[in-house]
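Structure first, commentary second.
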């Protein structure tokens, strides 16, 4: 594709590009930071980035929230409600994983006295 | 009756779920009651799953519309041949819960007993739900249920390294779940639907091939981490070796198979059925990695002294066999992959039984002696003849000695690989098999033909509640080897339908 | 060296991912496959079939109810996992980390929380019960409920909350989410319908809508209370420390 | 007009995410993470998803951050420990 087309695509799909960039930032944190708490902040960033991607894929320019109430006529445009329903579940799952990971960290710290992955490797 | 069988798949999930949720309530005053409750729940689920499998083989797949909404609008439960693995899950689940009674009372504090049984039931609930659902996002939700309960079950004891092992598993597992979710997101964006069969239909209509291909890669990475394939297997040995033995049996026997089920669902249920994307590059890559996995697992197992560590590394090697079997696929000629697929599927079944037997036997020995090093366990066979006899049968099976169950699957995979023109994979498999044979001979030699070491002279046989599951599983190792046509009769139509052939397909030359 | 390699690999992956997303059809266009395939039916009949003016709530509870059952199960799993790793709190043996530390609690914080807490809890129940008409629903309200328990614990101390939310009832509340789905689903199965059908033909026609609303409200409250109780219990289990 | 607000919010998301990665003090990092979650809530409001905005504000910025803070108070505060 030509450069101008590339810029056009980058512009219209800016949300997707940001989501993927956040995914990579999260992955980088997870891989390269030695601290376990930091790793999980990275994982949370990864999770929210995918949520951003899914919700963006259901967006419609100028669409309203999918709630039928006052001020809704037959020609009102609504955004896609399915991604929102999915991500509601996703947020809960993300919180659950984080809660488990953090409680494991508390136990790990009681047992080993450090949360640094490099030092934990040496302990073993 | 037909009406009842229709409800059975969902009732299986619900039974485990409601059983798990009610466990803390029913056992509030009497903690030990939680065992009887969990055992009862698992038997009930076993009833439902046998009913569902019976209906599958007599009347064909069950499509169940949750809430009565037709598929692309609501969630569909699709109980097909891949889902018949739920029968294996419920049987092994019931046996392992029975086994846990004595083992877990000895291993963890009494106040944590209900928590343990709740988590086991939730793990089974997640696995069963994962195998029967026909909706991609639902698949992800059940994947999370089973992964989370798996992480916690490893860390349930107070031993020192368990938290670290569990954490390693958690980090890799969470990343793999992310990959699966990202795959679902990309596919949803391309097709606009979440139902698997609808996705397959719509995948051919839409243009961005790159996106669908990326989604496939993300799925493969995600499920391969769950299945512990070579470059991403590092979490498995610690996690499976340090968990309590019944949990190791569950994790090694069933949980890693979930990754395989996911691969089958995605590659064959969506991409092959869709037919728009040539995925053989990915499956070839998977096959090569699987060949390396076989060798790596077998090689590391050879140098371990910890008995559970040996079994854990052997699990990695066996996952290599299974993935090798299922990745022998040609895009244009599906029948060429038939033998490999039969071998891979039957090895899912056999490895679950064999590896559970091995871990349960190891657990019984650890329960009685407190030792887990092979060098400390010399001569144990004379003191615990039944347990060690079962261990020997299972060890021979996994080494692939002919009259046992392990032989038939390796035979099929080797035949499939040679017929497919992948002689190197077959060679890797055979070299792996020699290693496996060597280290299991090492175990059998140590436990039977050495003089007993001093500390284990006082040991006697394991309690009955542990012996019953061990003996049942060991006998089935023999039975499914001698009467190999029993599992084959079940597996063959499954392999044929996965490849898109008619269920009664017979390969040329029998 | 190793770090440079990681950065380089991630950069390649980034380019790959960005390429796969920019070839997608432009975001926000009504012609995208996501916006044309299943959605028209939801927008047309969703309110009538789903039983809620808020389509998201309708989809969560009705069309994709099984997912939501999985969701509440995941919260329950997380709670059970935290209990498996850290153990349940015990008023006699444990106190909170905040109380052990020497930091004095500000009077302003206490006054503000004392004043606001009832309103936060009221708002949580409003969100739970009004989810069918406006943004909100079971889990959103449950999270606010859990958050209110967290701020009360942090201000007024561990013992008060652990005593007021006694384990006798909390065990029941925690399982409310999955159990309410179980009950609603089994009612449908006994009526001869598929699991999680809310519109039951075995009820007299005039009452069908009423029964559906009753079931939906029950499930909403179950999700809300269950989620709130589970978040509070996770918090209490993580916050506890042994008394000297 | 609204489009430019979206872009600003998305860029701010990137900035906060990098801030989480770069901050050595874990307490500071979790506060920045909370800001990230709030920004995400506003992005979702902009994408017409009020349900998600509500949940993200309560769960992502509230509960998850509190859990991070508890863990930090019970374990370590500096990243390299």
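By letter and in written order, the chains are A, B, C and D; residue numbering begins at 1 in each of them.
Assume contacts are C-beta pairs under 8 Å (C-beta built on N, C-alpha and C of every residue); 3 or more make two chains touch, one makes a residue touch a chain.
This is a predicted model, so every value here is computed, not measured.
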A-B against C-D, pair bridged by the larger set of C-beta contacts: A-B
Whole-Å gap separating chain A and chain B, where each centre is the average of the chain's CA atoms: 30
Chain C-chain D separation of Cα centroids, rounded to whole Å: 19
Separation of mean Cα positions, chain C and chain B [Å, integer]: 31
Whole-Å gap between the CA centroids of chain A and chain C: 18
Chain D: positions in contact with at least two other chains: 49-51, 55, 59, 63, 67, 70-71, 74
Per-residue multi-chain contacts in chain A, two or more chains: 14-15, 21, 23, 27-28, 53, 56-57, 59, 65-67, 82-84, 86, 88-89, 92-93, 95-97, 99-100, 102, 104-107
Residues of chain C touching at least two other chains: 17, 21, 23-24, 32, 34-35, 38, 42, 54, 56, 64, 67, 70-71, 74, 77-78, 81, 85, 135, 137, 139, 234, 238
In contact (per the touch rule at the top): chain pairs: A-B, A-C, A-D, B-C, C-D
Residues of chain A that touch chain B when the two form their complex: 23, 27, 30, 36, 39, 43, 46-47, 50, 53-54, 57, 82-83, 86, 89-90, 93, 96-97, 100-101, 104-105, 107-108, 111-112, 120, 124
Interface residues, chain C side, partner chain B - complex: 16-17, 19-21, 23-25, 32-38, 41-42, 62-67, 69-71, 73-74, 76-78, 80-81, 83-85, 87-88, 171-172, 174-175, 178-179, 182, 185-186, 189, 192-199
Sites on chain A touched by chain C in the complex: 6, 9-10, 12-17, 19-21, 23-24, 27-28, 31-32, 53, 56-61, 65-69, 77-78, 80-86, 88-89, 92-93, 95-97, 99-100, 102-104, 106-107
Residues of chain C touching chain D in the complex: 54, 56-57, 97, 101, 127, 135-137, 139-140, 143-144, 146-147, 150, 231, 234-235, 238-239, 241
In the complex with chain C, residue positions of chain B that touch it: 3, 7, 10-11, 14, 17-18, 20-22, 24-25, 28, 64-69, 72-75, 111-112, 115-116, 118-119, 122, 125, 129, 135, 137-138, 141-142, 144-145, 148-149, 151-153, 155-156, 163, 186, 188-193, 202, 206, 208, 210-211, 213-214
